[in-house]
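Down below is the structure, laid out as structure tokens.
The first chain written gets the first letter, and so on, giving A, B and C; residue counts start at 1 in each chain.
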Amino acid sequence: MNSLSSVLEVTNLSVWFSERQVLSDIHLSLFPGELTVLIGHSGSGKSTLLQSINRLNEIFPVCRTQGEVQLCTERKKIRVYQSDVPLSEIRRRIGMVFQTPAVLPFSIFRNVAMPVRITLGYRGNVINERVEWALRQVSLWDEVKDRLHKNASTLSGGQQQRLCLARTLALEPDVLLLDEPTASLDFKSARKIEALLGELKTRYAILVVSHSLGQTLRVADRVCVIRDGRMVREMGKQELRNPAEFYRVIETYF
Amino acid sequence: MPVRRISNRVLSGFAWIASAGLCLTMLTLIGFLMKRGMTALNAKLFFDNVPWTAAVLGRQPVFDGIWPAVVGSFYLIVLASLIAVPLGMATGITLSEYASPNIRRWISLAVDILAGTPSIIMGLFGFTIILLLRKTLLPQARTCLLLSAVCIALLILPYIIRVTQNSLEAVLPHIRLIGPSCGFTQWQTICYLLLPLSSRGILSGVILGIGRAAEDTAVIMLTGVVAQAGIPQRLWDKFEAIPFHIYCVAAEYQSVRQLDAGFGSALILLAITGILFLAVTFLQRVVVTRYEILS
Amino acid sequence: MTLRREWWIQKGLLAATLTSVAAIFLLLFLLLYFSFPLLFSGDLKQLFSWRWNPFEGHYGILPMMLGTLLLSILSTVMAFPAALGICAFIYTHRNSCLSRLLLLVVHVMTSIPTVIYGFVSVFILVPPMRRIFAAGAGFCLLTAALTLGLLILPTIVLVFHAYLTQAGGSLRAVSESLGLTPMEQFCFVMLPSASRGLVSALILGFCRAVGDAMIPLMLAGNAAQIPASFLDSIRTLSAHVALVLATDSQSMAYQSVFASGLLLFVMIAMVTALAHHLNRNMLSRCR
């Protein structure tokens, strides 16, 4: 276990959709420099957990949430569900990437620059630098630097997903939430993203939802298994070293 | 199976006849209008004997041409759009992004009722406003350009509300989530994400609405259009409009010249609505291909 | 600061929405307000009579109501088979140039102003009618119904076509695999499965016909009488409103206008409600 203090702490989190309880009493901590993977059946509440961390679940009017999520930045602690920090600031600090590459039908440049300009309020040359920095982070810069003003929908699926990642990184998040980021990509692009995650985790605390056990073994420092809205098992680095043990645990808890 | 073959033949024949009949009718209609209208279209039709520079600059009034009707229609369309477009877009945004499902249902019902209201009733509404004003605040109130514009705006309002609401709601869910996940506020999401993505859809709805405003006759007939008014100088002046001019000619033309003017105006009106139609078709084609890329 | 702006924007949008809604309610209110006196005076009976002759003090609007019903039913009945034939043509020739051209023609028709349909009919439909039937001036129920049918045809075709495309897909594949010819597919599979769509389309077309004022005003002759044949002149409620308001007359005539307006409104609201009901049923069925 990591001895550092956690960046994000979820305590006692329960979520209901209308009358149905989707998550109950979830406890979860994310540490800097660590990549945590959430696995579980489809419908077990993984995505809901992800979305309730940055309060994106509040978009659905029938959703009700109880419990606490705390975000610890260098300067202060933000209680996500009861704080005077504006919601938009919280969501910016907790970056999120979705399963389907959600690029806007604008230019590649504008896909990254527009959110930077709006949420961070940057102007002029700072934006250009920021865009280049973000694109370099996801090793996309060399591929697109000559066609920054082409429409982003001309990129391949893997490139689009990396563009989405760059868009999130450009907003200076503290935590990254990724909802099955490679599910709609081919093998090669998926491997590229996995390698990228390995680099990024040194700088951000990352939480990934994954469907693929192989991928989980490759990238995870810690694995949390969710079943029917409950956290049923947590596995640390030690257990993950032994794939046979890992698959045995999965057999029992799935 | 001869019966089967025969019935197939008969039905196909009927379908052919109906379709060919429709095409022929439309060809006749437009061809006739073209043939008669083209010969009538010239500067004299527009400006009578007034030099066109003087007429356009308003230095000399035109009495016998259709220029005042063209200007009147133009004012009417601009005024009505100025009222209906902001109101309609704001209502559409509220309905799709802010309103609770319950409120949305009720307002939608009201909008549906408005959309189904025939234009003659919209005109009658304008007329009752004047009656009410005469009884209460303004005894000297009378029908005028402003009143027509308000009623026409009310006529096209439901189109704009509907098209705004539908275009916003058509933005795919995973695109819609980008906003909040990047830390946009609700208005920023609407303003920088949803509206740009649905702008072409909304624009085509607005153009359709303008087309409606340009062609409608029943509303303005009851709210201030007259056969001879010249170019309106103030909002509370009476005015002329192309569709009403066409109606007047059909009802009571007295000379070949008036008839020619009628055909000329009909052709102009057809050209205006035709251009608007082309614009919408073009926009919709672009929208379709864009969404194909997206999904 | 952003939150404050957000708040103002939200309030602004709400204000605009309320204005739109208020306008709708003002419309309803004013219409009711001006026809209200009718309901509580003895004039009601006078209005609901079969004679309209303002110079002799007869203000019955029943002939106009009959005219509206006759004209809109007749034009819908005329447009219905044509619309079916056109939809069948588009379905059986799908993916061909011809059907695309036909759809384009129908779309173009929606963009042609009503007053132009009326105007052209005055010159190319009325004279033949006068000659062929050698009766009256050619401005009659039949002339108006023909033109009005042409006017509502695109509405019916486009709405029904949209339903057909929606129902399409798998249904088409199944019926194709059964070995049905395209025409049989249309008649025995698509038509029954989209029958509610057809009803909606007809209702929409009918509503347009009821509400339209220009075509009857220009082509139906406007005599307030009970027609004895298709070649007789009629007056509809919508045309009545326009005609009476155009010629300033006494207060009783005004009252008949408001009664006509209210009647029209109620008729359309009722038919719209029916369509809503059908639509909702269909939606719940699809789910």
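Methods note: a contact is a pair of C-beta atoms (placed from the backbone, for glycine too) under 8 Å apart; a residue touches a chain by one contact, two chains touch by 3 or more.
All values derive from a computational prediction rather than experimental measurement.
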Pair of chains joined by the greatest number of C-beta pairs in contact: B-C
Chain whose averaged C-alpha position falls nearest the assembly-wide average: B
Chain A-chain C separation of Cα centroids, rounded to whole Å: 55
Chain B and chain C: spacing of chain centres that average the CA atoms, whole Å: 17
Distance from the mean Cα position of chain B to that of chain A, given in whole angstrom: 48
Interface hub residues of chain A, defined as touching at least two other chains: 86, 88
Sites on chain B at which at least two other chains make contact: 185
Multi-chain contact sites of chain C, meaning residues that touch two or more partners: 2-3
Chain C partner contacts - residues on chain B that touch it in the complex: 4, 8, 11-12, 14-19, 21-23, 25-26, 28-29, 32-33, 36, 86-88, 90-91, 93-95, 98-99, 107, 110-114, 116-125, 127-129, 131-132, 154, 157, 161, 185-187, 211, 214-218, 221-222, 243, 246-247, 249-251, 262, 266, 269-270, 273-274, 276-277, 281
Chain A-facing residues of chain B, complex: 100-101, 174-175, 177-178, 180-185, 188, 192-193, 196-197, 290, 293-294
Chain B-touching residues of chain A, taken from the complex the two chains share: 54, 56, 59, 61, 86-93, 95-96, 98-100, 102, 104-106, 114-115, 118-119, 153, 167-168, 171
Chain C residues within the chain B interface of the complex: 2-3, 5-6, 9-10, 12-14, 16-17, 19-21, 23-28, 30-31, 33-34, 81-82, 84-86, 88-89, 92, 98, 101-102, 105-109, 111-120, 122-124, 150, 153, 181, 183-184, 187, 207, 210-214, 217-218, 238, 241-242, 245-246, 257-258, 261, 264-265, 268-269, 272, 276
